[in-house]
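Each remark here refers to the structure printed beneath this line.
For reference, chains read A, B and C in written order, and residue numbers begin at 1 within each chain.
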Amino acid sequence: MSFTLAKLSELTATTAVGDADCEIDRVESLQQATGGAITFFANPKLKQDLKRTRASAVILKEEHLESCPSNALLTDNPYLVFARVAGLLNPPPAHAPGIHPTAVVSKSATVGEGCSIGPGAVIDDDCVIGNNTCIGPNCCLHAACVIGEHCRLVSHVTLCERTALGQRVIIHPGVVVGSDGFGLASEGDKWFKIPQLGRVRIGDDVEIGANTTIDCGALEDTVLEEGVKLDNQIQVAHNVRIGAHTVIAGCTGISGSTTIGRFCKIGGAAAIGGHLRIADHVTLGGMTRVGKSIEKAGTYVSGTPMQPYRDWLRSSALYKKLGQLAERVRKLEEQKGPGES
Amino acid sequence: MSFTLAKLSELTATTAVGDADCEIDRVESLQQATGGAITFFANPKLKQDLKRTRASAVILKEEHLESCPSNALLTDNPYLVFARVAGLLNPPPAHAPGIHPTAVVSKSATVGEGCSIGPGAVIDDDCVIGNNTCIGPNCCLHAACVIGEHCRLVSHVTLCERTALGQRVIIHPGVVVGSDGFGLASEGDKWFKIPQLGRVRIGDDVEIGANTTIDCGALEDTVLEEGVKLDNQIQVAHNVRIGAHTVIAGCTGISGSTTIGRFCKIGGAAAIGGHLRIADHVTLGGMTRVGKSIEKAGTYVSGTPMQPYRDWLRSSALYKKLGQLAERVRKLEEQKGPGES
Amino acid sequence: MSFTLAKLSELTATTAVGDADCEIDRVESLQQATGGAITFFANPKLKQDLKRTRASAVILKEEHLESCPSNALLTDNPYLVFARVAGLLNPPPAHAPGIHPTAVVSKSATVGEGCSIGPGAVIDDDCVIGNNTCIGPNCCLHAACVIGEHCRLVSHVTLCERTALGQRVIIHPGVVVGSDGFGLASEGDKWFKIPQLGRVRIGDDVEIGANTTIDCGALEDTVLEEGVKLDNQIQVAHNVRIGAHTVIAGCTGISGSTTIGRFCKIGGAAAIGGHLRIADHVTLGGMTRVGKSIEKAGTYVSGTPMQPYRDWLRSSALYKKLGQLAERVRKLEEQKGPGES
């Protein structure tokens, strides 16, 4: 796959500078690119690397053109254009349409045109799969799942009963969608399982990272709105709702019935409690513990800084004695008497 | 599936109030229920919702009956009775008994009566599967696993060699039971793998959430006692023992050789160190870091509260200087002299 | 499988003491061992257990020989020798070479001599599998994976396109290697997927625990050097590099483009930020939050100690007011005047 610089400029609505006929066949990093490659420049700290790059072309802002030794594509958002060009030069692997002979597809399932159903995939009763969707090897779709068009389930993906996916949804290996939520009623000291009767509904253009789990709702549904992007190993409990275009980094856990707003950015390994509401446009730092609702947009963090072990021993011992320390300060304040203040 | 109110009352040992012949065919929430649905009332804050509910019947305590506009089932534990009724109205999906032609079952394996072995499932040598157990699609049982009756492995479940399950165990997709523990002996700067020779033994009525992992023991066994309930993405290391009827929320990790008592409630994303003992009836808050044994029942937590980013920067900088702050207070105390105290 | 003490002594280059013809057929713990078993003694706190052991032989240092009631193998590293002996007595399960008839192997794939390809395994186009490697049931190898000799993929393992494994690599069930990294370019308030074009390269003698995920690189590769050992449920993001012989405990997450040195020991549930560098020989405590690079070898920790709930409420409230407390101390210092110091 290759394009001339002129063609890339046309396809990405950017301005080409230099040799418009230059052939581009791959993307590479600013430092490692060689002839035939296109790269991008977005971080001003790397200006020396820009000056030395051996790429055939660089995607950058016009203001940096004078430091560019090669052809260029001019744009206000070099990283986005780079992503587009990378996609043009590396289209997702084509899957030959058809149902592999080792796949097991129920007679009551409906498989659209142009779909690819991989080896060992299992499609249970009453599933409906939209056109041009790819179900990779060893995926399991339990009964009555409904999947839109142009979706891709890479491999080893499980969709439990009645899961609904929109269009262009990408699900990476090991993901489980629609498993039973953690619903228990106490019966004295023991626990009784509460049937989990809701579904999972996932909007268009959602992407879900490897080994992430999303539980079905207890009575109503668990919902991911359009454009949500989840990284790997995220846990989404029953009846969570995640607003459109929110992105969540790996290893984060979201407890049941919590609603997360739109356009949020949630750091990795965050732990979000249950029955909370998080506003739109909230950013959470990595490993943040969210114990109450967040009503205002902004950036929030919890946790203490890393220290060398001995320093940490001292800080953490004092942390437990913060109450005593505050009391000692109060006594000192008292002793100086009102006349001294 | 539907029942009269009288029949539900009989099956749940509750007192029916109102039209005993009323037909109930589903459970719904207090707010969304309509005719034909039964719901429950347990949270006094929702009394206005109770007054407005359109459900055909509400499960509640007698003391709230006067606010109930519909038929009722009276009980001291509405949530438990609701769970029971939900189970009666939504029995788990029936699986046609039989071994799917694409399943691979070793000749030396024993499969009980009424079992369902799904497409692509692999049952290795010397496995023994009790009656009426359901092994879902693409599950793998390595050699010599022993499974009780009425168990359900949903799909994509792996049981490694010699795993033992009791009766009525439910295992959700992506779970791995019996994988090698993280056992390494140092050999200078390098690491030598220690064979992991123990098994995993799981008691009756245990439920294990999606993508949870439970390692086999190093020499002796890893054990989950009866009635333990694990949520999704929990890590249980080798030689851990979890006491009966303990429940653990998602994303929690338990390091090797730790013993957790009975009737504990462990919050999500907790991190529990190795070789510890946790007493019975301990509750741990979400994201708690357990670095030492807990000898007394009670509730324990660690971690600092979430703050807006700028406030957090200040708190965390001061945390590192707690030693200096304590020293400054000590000096102030010294300076006021013994006569002033 | 059994050996005489003399043979074990020869195979492990240790000194046998006592009955050299004694037959040993299993390893057991110091406390539970009986006749025919060999055990080890490394923890001086267990000296009373050593004196009472009923094992046929004990692996220990010469200095403890006088407390040993049985035969012995003398060595400076009893735990390592124990691991070796356990391996001799419990060789990994042999897998009959051959390709199971239900496996799906592309015609363009190359499978070495002595390999075992399990039921339901899928080996896509252009994969190359070295001699004597075992691919367990229901594993999926996407196109162009290259695997060395004597590797073992236990079951349900996914290798995405072009993953490269060295020799003797062990991968436990549910692991996903080479899934797309979390690469997104902002397009206004929305997100555009950046194609992930790098691979994952894994060195010799690496072991990867159950349900761990390792993303492919964005442009360059994600790399695990030789001898790295990863526990269960670890997340390794795109373009991470982990140095040789580093060990990482379960549930740890490593964000993109971070480089971890050689010979590190990383505690469980640590959260390591992106674009950081961690030096060789660094040890991290469990649940440590790493927000900046670590340039010096040593031990580092973050987090606050667990407390009973009421104490924690007080400590965490005061933590948020640390700024005010520091200000009050500053005022007290000011008031005593320069003459008093």
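Things worth noting here:
In this section, a residue touches a chain if its C-beta (ideal position, glycine included) is under 8 Å from a C-beta of that chain, and two chains touch if they have at least 3 such contacts.
Values in this document were obtained by computation on a predicted structure and should not be read as measured data.
Chains making contact with chain A as well as with chain B: C. Interface note: chain A and chain C, two copies of one sequence, contact each other through mostly non-matching residue numbers (shared numbers fall below half of all numbers used). Centre-to-centre separation of chain A and chain C, using mean CA positions: 26 Å. Chain contacts: chain C has residues 102, 120, 138, 156, 174, 211, 233, 251, 303-305, 307, 319, 322, 325, 329, 332 touching two or more partner chains. Those residues of chain B lying in contact with chain A across their complex are 27-29, 32, 77, 79-80, 82-84, 86-87, 90, 92-93, 100, 102, 118-120, 136-138, 154-156, 170, 172-174, 207, 209-211, 227, 229, 231-233, 245, 247, 249-251, 263, 268-269, 286-287, 303-309, 312, 316-317, 319-320, 322-323, 325-326, 329, 332-333, 336, 340-341.
On chain B, the positions that touch chain C within their shared complex are 102, 104, 120, 122, 124, 138, 140, 142-143, 156, 158, 160-161, 174, 176, 179-180, 182-187, 189-195, 197, 211, 213, 215, 219-220, 233, 235, 237, 251, 253, 255, 271, 273, 285, 288-292, 294, 298-305, 307, 311, 314-315, 318-319, 321-322, 325, 328-329, 332, 335.
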